[in-house]
Structure formats: structure tokens, C-alpha cells
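Shared between the two complexes below is chain A, which pairs with chain B and chain C, respectively.
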Partner chain A sequence: MREQGVWALAWKRFRRDRLGFASLIVVAAYVVLVLAVASGLLARDWESEAGVNFAPPTFIGAEAGEASTVKKLEVARPVSDYGIPDPLGPDLEAIEKSLSGKSRDQARALTLPLGGDKWGRDVLKKAVKGTETSLFVGLAAAILATFIGTLFGALAGFRGGKVDDFFNWLYSVLTSIPYLLLVLTVAAVVNQKGVLTVILILGLTGWTGIFRLIRAEYMKHKVREYVMAADAIGASNGRRMFVHILPNVSHVVLVQLSLHVVLFIKSEVILTFLGYGVSVDTVSWGSMLAEAGTELLLGKWWQLTVATVFMAVLVTAFSLFTDAMRDALDPRLK
Partner chain B sequence: MLAYTLRRLWQFIPTLGGVVLLVFFVFNFVGGDPAYLLAGKIPNPETIANIRKQLGVDEPYAVQLWIFVKQILTGDFGASWSTNERVSQIFATRLGPSLTVLVPLLMISTLLGMAGAMLVAYVRGSLTDRAVMVACTVAQSVSILVYILVFQYLFAYQLGWFPVQGWGVTFMDNLLRYAVLAIVVGVAVSLAPDVRLYRTFFLDEINQDYVRTARAKGMSETRIMWVHVLRNAAIPIVTNVLLQLPGLLAGAFLIERFFGIPGIGREVILAVERSDFPIIKAVTVYVALATMVVNLAADLLYKAIDPRVQLK
Partner chain C sequence: MNLLEVRDLSIRFRLDEATTVDAVKGISFDVPVRSTVALVGESGSGKSVTALSVMGLLPKENSSIGPASRILYREKDLLRASPSEMQKLRGSEIAMIFQEPMTSLNPVFSVGFQIGEVLRKHLGLSGAAVRKRAIELLTEVGIPEPERRLEVYPFQLSGGQQQRVMIAMAIACEPKLLIADEPTTALDVTVQRQIMDLIAGLQERHEMAMLFITHDLALVSEIADHVVVMRDGEVREQAPASQLFRDPRDAYTKALLACRPPRDHRPKRLPVIDDFMGDAPRADVGERRRGLSGNEPTLLEAKGLAKSFYFREGLLKQRELKAVKSASFRVAKGKTLGVVGESGSGKTTVALLVARLHEATGGEVRFDGRDLLKLEPGAAMPYKRRIQIVFQNPYASLNPRFTVGQILTEPMLIHGIGADDGERRAMASELLKKVGLPPLSLEKYPHEFSGGQRQRIAIARALTLRPELLICDESVSALDVSVQAQLLNLLQDLQDEYAMSYLFISHDLAVVRYMADEVMVMKDGEVVEIAGPDELYANPQHPYTRLLLSSIPGRAA
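Entry: the complex of A and B
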């Protein structure tokens, strides 16, 4: 009978962890959601102003007072007060009708499933669309940081000597500046918004922790017998580093990748909130929270709640999944 | 010990040199020409050339780098680009408010974190332990922004227990009135990660041989936890708290900004918003220096409280 591989064994251990497995399902659900959004199946019309301004959630019901003030305002049009008919009025009405099929006020719902924002956009759709932005930024930045950290860590740990000194110097320079200050400084100087910029800033500054761990792993592995055997049969440096050693440290890489997704999702939210993140025409959880601050003072709590819940569920599930993955991949730790 | 300290101090030089190069690189090659930022909405070539001359950005890079190094050595970064206040003056006046918030915040969160960690480490593996750990993960997954927004809305705006924001004149007024809610938010945010981290420190100690020996001698569990385990687990905790300090100095900017506390963090965020590069440059370099000094201090302290540690 064939021995079970290390990944199959890890998967077996992982399946036994009920909490970890449940969180994997939640993470998978989010990924499916993001794929649906990216392919245009969901939340494509998140920008449409579907409801009245600050439409409350459906389970609360429309605010009676607000609806009546809207009507009153309609009656007391300043133009009609002077007895002069609006010369463009009928034309505008006709244009609006031909554009939407019905008049503008009719089209706007009084309530939305989980409420509306300042312009009456559906908060649920915004949160779904924001999931795409936030998860994509987190994943892409984490992949970039892991790639850099692994490459530098492998070089430093395997080559040692001058190469090691150089990368260690780079490491101590970057880590002597607090992470958020570094990110903010770069963001201030680059002064360019957008998904790509955020990914680059987070990825290029956030690789230090991964570098440290991978470097230690490579130092440990390069003196092991299987690497020396590979050297003896004439495997090149690059081959030993990335074909022989890398698979043996890949569990560390994987766990770090997962940890950094969570870290970068949280960082993106703060960056966007401060106005250095994704641009105004995209929505992310950070931009929703930025709007929610002032809304809260008006008593409109739904955008804050929806964005927080969407983020908290994903981040919690991702963290629990990471913990379970680490336990499954490295059984000695427990 | 002295030789070690001197060697570490000697290592500051390349690292600090790297920080200077990094900051210089970021500001000169990644960012745009600062003269265009300063010249305002309708710049003309004369104004721009004038500003470039004033800032020294028309000089060769080597000269500019030398100017920057001189600024660091003399501690004179010139004046803020937006308010014309001396950068040194800004630092001197903003440090107090920052520390008024940060020192009590660190003390309270460390004590609470240690108490919580000791409690869950004592009942390790039980349902309580697992439930608290999951609760910590959930609490950590909520953005700090949400904590600030909700606490400020609830406790200051709705209930009126604290001023929404602001800063007073006397120290006691600041500490007991204006800083309280900021400290509460800070503690709420840092409690969950602290409990998780400190729990691992306690668990490391609980499985040691000396605990088994103490138990075999017939000591009570309370005495083992409070006398033996706590004192050993406190070593990594103390150094960890110390290491957090420089990061917090700049990292507490969200709290300082929302509660209107005129500290270093708020100054950083204002500088970032106004592209006020002299301040950002100064903060980056000095915080980096502070981080290195604190790292060294933490290592020395570690050695002082735990004689088993070998410094190399």
C-alpha cells in the first residue's frame, strides 16, 4: 500500500478540526461571492441610486415622517410660487421618463433590504462589491509580500555571507520604522489612489516578517542531508533552493500568506478610510466606514453595521482557518 | 554587557544610514517635485524656481543628501511647510499629550491582558479557554475604526459621559477628562491581541519542569500561578510592552485624530494630509531611532531580569 503524502495527512488532520473546517467553508463562500461579483453576476448595479436617501432597512420599515416631508417639498416648488411655469419643466420630465421608463421618484424605493446610504445606494450591494475590492487587495498584496519575503529569505538563508548581511540590513531598516507609519509615508509621497497602488504599497512594505521566518528555515535546511545529497549529484544552487528546499518549507509560506491576507485587509480598510486607499469610484469596506462616521451621528447605523459584519465574519473565519491550517500542517506544535 | 551595548550602538549607524537613504529615496524619486505642491493652484515658473531654490531641491542629489544628514545631526528640520512652525517646536509640544494617553493606556491594557491571559491559561484546554480565544479572534477582526466610531458615538455623543473630543490646559484635566475615552478605546482594541499573546507566554511556562516540581512539593495551584509562573511569564511580557511603545507613538494617530488630542500621531496624519514633508521626514527618522534604542533597551532589560539569557 502506498504511504499517504504529507498534504493528505495534513488534510486529514484539518478535517478533524471542526471549527477550522467550518471557517474554511465561510472563507470559501466569500471566495465564491467575490467570483460572482467579478464575473458581473452580483452587485453590478451597486452604484444605482435604488432607494430614497438613507433608506432604512426593510425590517424596520419606511420612516413615515420622512416620506411625508418629501411630498410636501414636492408641492411647494419655488418656481410655481411666482405663477410662472417652468419653461423646461415638461421637457425635463419627458427626458427623465424616456430615460428611466417611469418618473424618478417612483423608481426610488422607500426601504432597501439592509438600508441605503446618503445617495440611496443599496448598502448590501455596496458591501458585496466592497468584499471584492477588499479581498482582492488583501490576497494580491499578500501574494506579492510572500513572494518577495520568500525570495529574499531563501537567498539570505541559503547564500549566507554578504548576501545575508545585505538582506538583514534591508530588514532592520524597514522594521525600524513602524509599519503603519511606513505605509502612510509611502502613501503620502506616492499620492495616487487606486487598487494597484494600495497593493504595491502594502506588498512592498509588508514582507519583512515572512523574510525573517523563511531565512531561518533555509538556514536550518541547507545543512540537511538531502540538500547535501542534491549538491553531490550536481544540482545547481537555484535548483536546490527552489526545487529541493522550497517544498519542505512551503507550509510556513502558506501559513504566512494566510496571516498576511488578514493583516492587509485590515490595513487596506484603514488606508482607504484615511483617503489613501482605493479611489472614489470603487467601494471597499474602508470607504463604507468612512461614510458611516457621519451617518452615525444622524442615527443611520446600517451602513456601519453591514460593513463591520461583512468584514468581521471574513477576518474571523480567515484567522480561525489560518490557526487550524497551522495546527494541521505542523502537528508538532500542538 | 558594556561590550555588547557598544557593539549594538555601533550597529545603529548602518541601519540609521539605511533609514536616511530610504526616506531620501522615497521623497526624491517616488514622489513628485515638492515645489509644485507648495506653489499652490496657479503656479508660474518663477515661483516654482524660487521655491526650488529655497528648499534646495535644485541642488545635486549629493548636496541634498548632505543637507538632510545635517538636519538629522543638528535636529533642525526647519519649519513646517503649511504652518511655518518649527519642526522641533512641534515635537516638543506634541509629545506631552501623546504620552498622557499612551502611558496609562499601556499600563492598563498590560495589566488587564495579563490578568485575562493568566485566567485562561489556568483553565487551558477547557471550554472557557476555547470560547475566550474565539471571542478574542472575533474582537480582533473588528476594525479599530469601528471601535472608535461606536465608542465615541455611544459614550460621548449619546450618553455624554465624556467630551466628544478636545484637549484642556492642565495635566489633570486632560488625564481625567479628555484622555479617558481615548484610553478606553485603546484598551478595548489591544486587549484581545494581548490576551492571545500573553496566554502563549503563560502556557510556555506552565509546561516547564519547575512547575511540576513545585506541584510535587505540594504547593497550591494559586501559589504556583502567582509566584512561580507569573514571575517567569512576566519577562517576555515586559519586553513586549516596551517594544510596542515607539510604534504606538506614531500608530495611535487614529485615536488622537478622532478625539482631537494634539499628539505626535495626529501631527503625522495632518502632515500626511497636507504633504508637509519636513514633519514626515523628521518623524520617520526619529521614530526609527527611538525604535532602535528601545530594542536595545528591551534586550538589556531582558538580560537584567533574567540572568539565564545570554546576549551575543
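Entry: the complex of A and C
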């Protein structure tokens, strides 16, 4: 019989879960997309104003987009004119003609694959570029939070006593503050917009749940016989904590990491929407949704739709993948 | 007349899409009216599965019963009865007691409610009648102050009392057939004695038939009229108890009877199953002498060893639990000190204190002239190496994420034994050979081994450090008797070779008598008696020792 490690067995169980495996492929596709963006292969020119303002998606056609704009202008006209001719009208028309001119309008496409925003930037490229930001923020913040949560949880659960009391006090203080208020407080204190700030905010506030779980796992494991056996052969505290126990709770850590990626992707969107997230020169799904609010009033629905679909697909796939991973790593839960 | 007839029963379990296991392979036996039939076998023999199939309690999703199988209860085939018919039979005609009373009772309902539920459901009693009958039942199973006990929750009762409550529920409807699945295995030997007496008395009074499932042949010899010996899903032998114990026909039955340490003598080596199953005649091995001459040098001496655990109560109060109160003993070089006692006697705590896995609250442990308990952690390291421990549960004491190679080389790595990885691995595979495992095992993970093999790995891990004192904390208790015999032989061989001292802790008095040169009896954290094994077993001084010895099953037989 060939020897099989715990991970190999888990992988075997995972592969049998069709839905889980399909979601892994989706997640992997996103990761490939992000790598392509990061290496500059894709969406490098997302900031260029490739289309006309609010260029509609190609599958709708330029007509439909124009028609809705014209209709709105006609509704507005009676209020502004009152029958008096605009004295500057002819001049303005001349200026407009010479400025934007036929030449520039020709360079700008009338439609874009999935539409354009108010400056005529390609929504598809924005969403692809936004994937990079959102996934990076989600992953980095989740890794930070999981690291803090695991380290604190391991110390508190393994050492017990005063150490445990201290970390529990820290946990209680942090969790007693309403989450959004806490996030906004940290954001106000850091007072600097950017991807790194968002990662810090989410990572530094989001470790509490992980801490609680890992602490419980360590308390459970430290009295197990295999840990006592390690003590008997003279293994140090650190060795018992991280060489012996950690691999045995690593499935909990992994599942938490993956849960928090989903959570933090959504949190980044909310933060950016509220204006505490990434700065204006970066694009994320959050900033796209923030713009989409005003656009929707004008009937420009495509930016909202594209950002939502991109996010919904990733979040759903990631959640299903997490569920499948949990089942594979800890089959007793099933 | 037969109350229950099992014919050609075969049960198959599906493990996953590809693998199935035949747990029971076409067995047949009868349970006559008012008699006790014992199903005996080791783990994996299919005895519990058989009992569950009689109750109709097999998991539907992954088990299937062969088409030719029949289980006739008063001529009615239970396998073809409708679910509602089965439900009516269960509890009222056929009742079952399980092994673990703690998990068989629902922790959030009071004892009275749980007994009342049976009465309401099967007998249609209500109101005051339920209460009256419940009190009667508790009185019958020997629970003191039954009115008051109706209100308590399972966790407020001891293990023995919980099992009594389970029995009360089982006999509530006066069943004709009682199935008892290892009802006393989780209990201490003195409590086991009481429960067995209770079951025997109830059976007599209510004229019940009983299907008694156990791994313990000695227990069977006391209670059964008829014995069915099972192995790997097959019946190896069935015979009236008197005949089976006097004149076993099947080689496996003979082996099972022989591999328990005998009471009256001490063979150098315990016989194991292979000795009987093969054709080769068994060599006579001679007797082993036990006991101390008094001239052996002392390896370790404990004086007034004490350990208290503290529980917080309220804000400032602390409750003290004295797990060990002043234990004094000495372990002679190359000899074995046996420690016996029931659960809660403090015997495991003593082991953990000596190995410095728990901090003692008082006393001293002299090893090589130094007090181990006073040493700083750093200074204790060289001593830690010389005292090693093998735990009870082979499934919990090996790190599941380590390969056997990692498990065995880690202690050498920590203590700087061996020049490099290659040398350490060579030493590890040498040790594996010594404990009877192939060197190929180095690359495998613990979950690929059976319980007995895992315990061998645990012993090999302890041996990597060449300890002078090996503490065996119930190291063979979780294993089947045939595997137990093999491991006891291994431990004995190792002691002969390395001249190690053993601190051998067990609740099993027969095993301790076989292994120990001196026996220490513990009760409630105190040492009540220390004496040589033959002397102690022949002429116990302390009343508690006498009680323990009289509770060993099969002693009268």
C-alpha cells in the first residue's frame, strides 16, 4: 500500500466534490486574471478615455444610448428657455465644434464592449483592473488577520493563565465596538487613502473571530496525549505550539483564511463606497459601485452590473470552494 | 423454546463508492427463553453489528443485510417487519443497554423525564402513575433516594449510577429480551461487579432472556449459559458455557482463553493467537520469577508526592481537588512497580508528576540522588530523557500529521542523538525492527496502522532516548486481549534486554500481577498498600485491596 499523507487524502476527497472543484477552477481563473493584470498583460490602459462619455455596451448599440440621453435633454429644455434665444448659443456651438471637433469624436468609440463610464473609460477594463485591487486587498488583509488571529490564539490557548486573560481582554475590547465604527475609527486615525491602508484596517480589526477559534483549538489540543508525549521527549513550548499542534489545526486556519478573503472583499467594497477605501487613482469594485450610484439616476446601468457580476461570481465561487475545502479537510463535519 | 433465532445473517457496509466490508458473514445462533447467550469477540468481529441488526438500528445509508438473512423473534422475521412494528417491539419486547452510559443518556433532560418518556410512550401511563412507576424502577435497580434522584441530571450521577438508570429504562416495559452491548466495559471493576449482580438478579426476577456482548471471557464465564465466539464476522465456535470453558474445540477460542495472563502462574511469555492458529507445536517456555529480593539498587524514590487541582468558584473562592495526597514509593533498578487503582485514584497523575508533565504541589522525587521536582526546566532536560512514558490511547498519542520516521527521529533531534539525519533514520528503523514493525513503516502515517501497531510505535519513540525508567500508563488497556498479550511480551523482552525499570499503571489486576515485581494499590489519591504481587494477591491486607480482588470477574470459576 502506498503511503498517503493527510493532505493527499484531503485532496482526494476534495476532487470528488464536483461543485467544489468547479468553484476552485473559477477562483483559479480569477487568480490567473489578476496575475495577468499585475504583469501588465491586461487592462494596462484602463485609464484611457477610449469611448464617448457613457458609451453604451456594444450589444445594445449606440442608438439606444443616445436616445435615452436625448429624451432627458428634451424634458429639461422647457424650464431653461422661456422662448428667449440664447445669446451665446451660436458662439458656444462654434467653440464646441472646434474643440471636440469631428476629429476627436471619431477617435472615441461610440460603444464599448460592456459600456463606458462618465469619462468614457472602458468598464470591462475597469472591472478587470478592479479585480486585481479587490482580490489583492482581500487576500492580503485575510492573511494579515489570520496571522494575527492564529498567533494570538495559539499563545492564549496554549499558555493560558495571565497570557490568556490579556488576549481575551484585547478581544473583548475590540469586539465591544460596533464593527463599522471601529473600521471608520482606524481609517480616520490612519488618515491616508490607499490600498495598504485598507489592508491594515481590515487586517487589524478582523482577526477576532479567528483568534477565538484557534484559541479553542489549542486548548483542546494541548492536553492531547500526542502533545504530552512531545513534552515527555523534551520538545520546547514553541516546538509543541508550532511544530506539533499547528499542523493539526491548520485546516481550521485555512478555512478561516478563505472565509475571510470573501468577507474582506465585501468589506473593501463597502469601505470604498463610503469613501474610506482606495484612493481615486486606483480602481476597485468598490469605487466602481460608488460611481454607479449617480450613473444609475441617468439610466447608465452597465458599470453597476459589470462590477456586481464580477464580484458575485468570485464571492460565490470562493464561498463554495471554502465549504468544499472544509468538508475535505475535516470529513467528520459532514 | 427459542425466543430469538438468527439465521445466515450477513451484513455488508459500504465505506465509499468502491470499497465494501463484510462485517458479518452468514452467522446463525439461538437465544432460548430465559437464558443468557454471550457473543464474544475482539474488535471488528461483528458482535455489536449483530446486536444492532436485531434492534433494527443499523444505519440505513451504508449498510445492507444479505437476502438470505433472517432474524426470528417468536417466529416473526424482524428484518421484514415494518418500521412501526419494529418501533413497537423496541423498548417493550426487546430492550438494549449500551456501553457508554454517559453518552446514552440525554444530558439536558432529568433522569425522571427520560424514564417517564419510555413509560408514556410504550405503556401509555401518565401523570402520577409515571412518577410512581419511575420511583419503583429506580428502587429496583438499587439507586438510593429514588424520589430525589428523579430530578437530577445525568452528569450529577456517577458512571455506575448512570448505567443503573439505563438499565431501569431498559426494563421499564418488562422486555422479554435484553441486549447488553459491553454494559460494564467503561466501568471500574468494583462497579462492574455490582452492575453484573444487578443484571443477573433482574434477569431472574423478570424471566428475561439476554444477549450479552463482550470481549471479556472471564465475565462470560460467570454469566452465560451459552457462548458464541466470533472472529472477523464469522462464528468460530458455539457451545454451552460449561463445555466451552472446560474443553474449547476451536483454536481461536483456545488462544483467547490462553492469552490472558493466568492467575496461578507466570509463563515467561504469554501465548498469542499465532501460537494456536499455526501448525507448529508450542514450546513450553518455563516460569518467570517476580518480586524483589530487597537488595536491588533504587532508581527512583518518591516521598510525599502530592498534587492538587484548583477550580475557581465564584469570584474569589477556590475549590481544591486533591488528586494525589502524599504518595511515597520506590522503583528498583531493572524491576517493575505496578500501580493499580480505579478511575479517580490518582494513578495517572502520579505518572505525569514523575515524568514532570504536571507540576507537583508537594513532595519530592529522587532520581539519581537529585530531587527532580526542584530542577529548573533547563536542568531537567537530561533527566527527562531518562524517564519516558507510553500513554493509554494509541490513537491519540501519535501526532497524526507526522510520519513514523518524523515521530521517531524527533526525540533524537531534540536531544542531539545521532550525527545526522541518515544516522538517526538508521537508528529509527533499527528500533522499528525491535518492536516488530517492518522498516518500510518509516514513511507511513499513524492512521495506516492498527491500535497495537501504533502502541509499538509509541514504545519505539520512548526507546529512542534509551530511558532508564519507562512509565506505562494503561498502555495495553485499550487493546484487544490477543494484541495485549503480544505487547506484554514485547515490553518484557525489552526489559530483559535493556534492564529498564517500569512504572506499570493499569486498572487490570491480572495484567499487573503478571508484569509487576511490586504492586502499589491506590484509592482516592492515597497509596493504601504496597506489596509483592504474590503476597498481595494471596493475602491482601487493606479492605479496599480485598474488595478489588474479589471483584475480578471469573475468580470464582
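Throughout what follows, the second predicted complex is superposed on the first by the 293 of 334 C-alpha atoms of A that agree within 3 Å, B and C clash if a C-alpha of one lies under 4 Å from a C-alpha of the other, contacts with A are read in each partner's own complex, and residues count from 1 in each chain.
In this section, contacts are C-beta pairs under 8 Å (C-beta built on N, C-alpha and C of every residue); 3 or more make two chains touch, one makes a residue touch a chain.
If you're wondering where the values come from, they're calculated on a predicted model, not measured in any experiment.
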First (chain B), second (chain C), both or neither touched by A:6: second
Partner chain in contact with A:269 - chain B first, chain C second, else both or neither: first
Touched partner set for A:297, first chain B, second chain C, both or neither: first
First (chain B), second (chain C), both or neither touched by A:180: first
Partner chain(s) touched by A:247 [first = chain B, second = chain C, both, neither]: second
Residue contacts on chain A - larger count, chain B or chain C: B
Touching partner for A:235 - first (chain B), second (chain C), both, neither: second
Shared contact residues on chain A - chain B and chain C: none
Residue ranges of chain A touching chain B (in the complex, touch as defined): 19, 169-170, 172-182, 184-191, 262, 266, 269-270, 273-276, 285-286, 289, 292-293, 296-297, 304, 308, 311-316, 319-320, 323
Chain C-facing residues of chain A, complex: 1, 3-6, 224-226, 228-235, 239, 244, 247-248
For the chain B and chain A complex, residues of the former touching the latter: 14-16, 18-19, 22-23, 26-27, 30-32, 134, 137-138, 140-146, 149-150, 153, 157, 246-247, 249-251, 253-254, 268-269, 271-273, 275, 277, 280, 283-284, 287-289, 291-292
Chain A-facing residues of chain C, complex: 352, 355, 357, 381, 384-385, 387-389, 391-393, 396-401, 403, 410-411, 414-415, 443-445, 447-448, 458, 461-462, 464-465
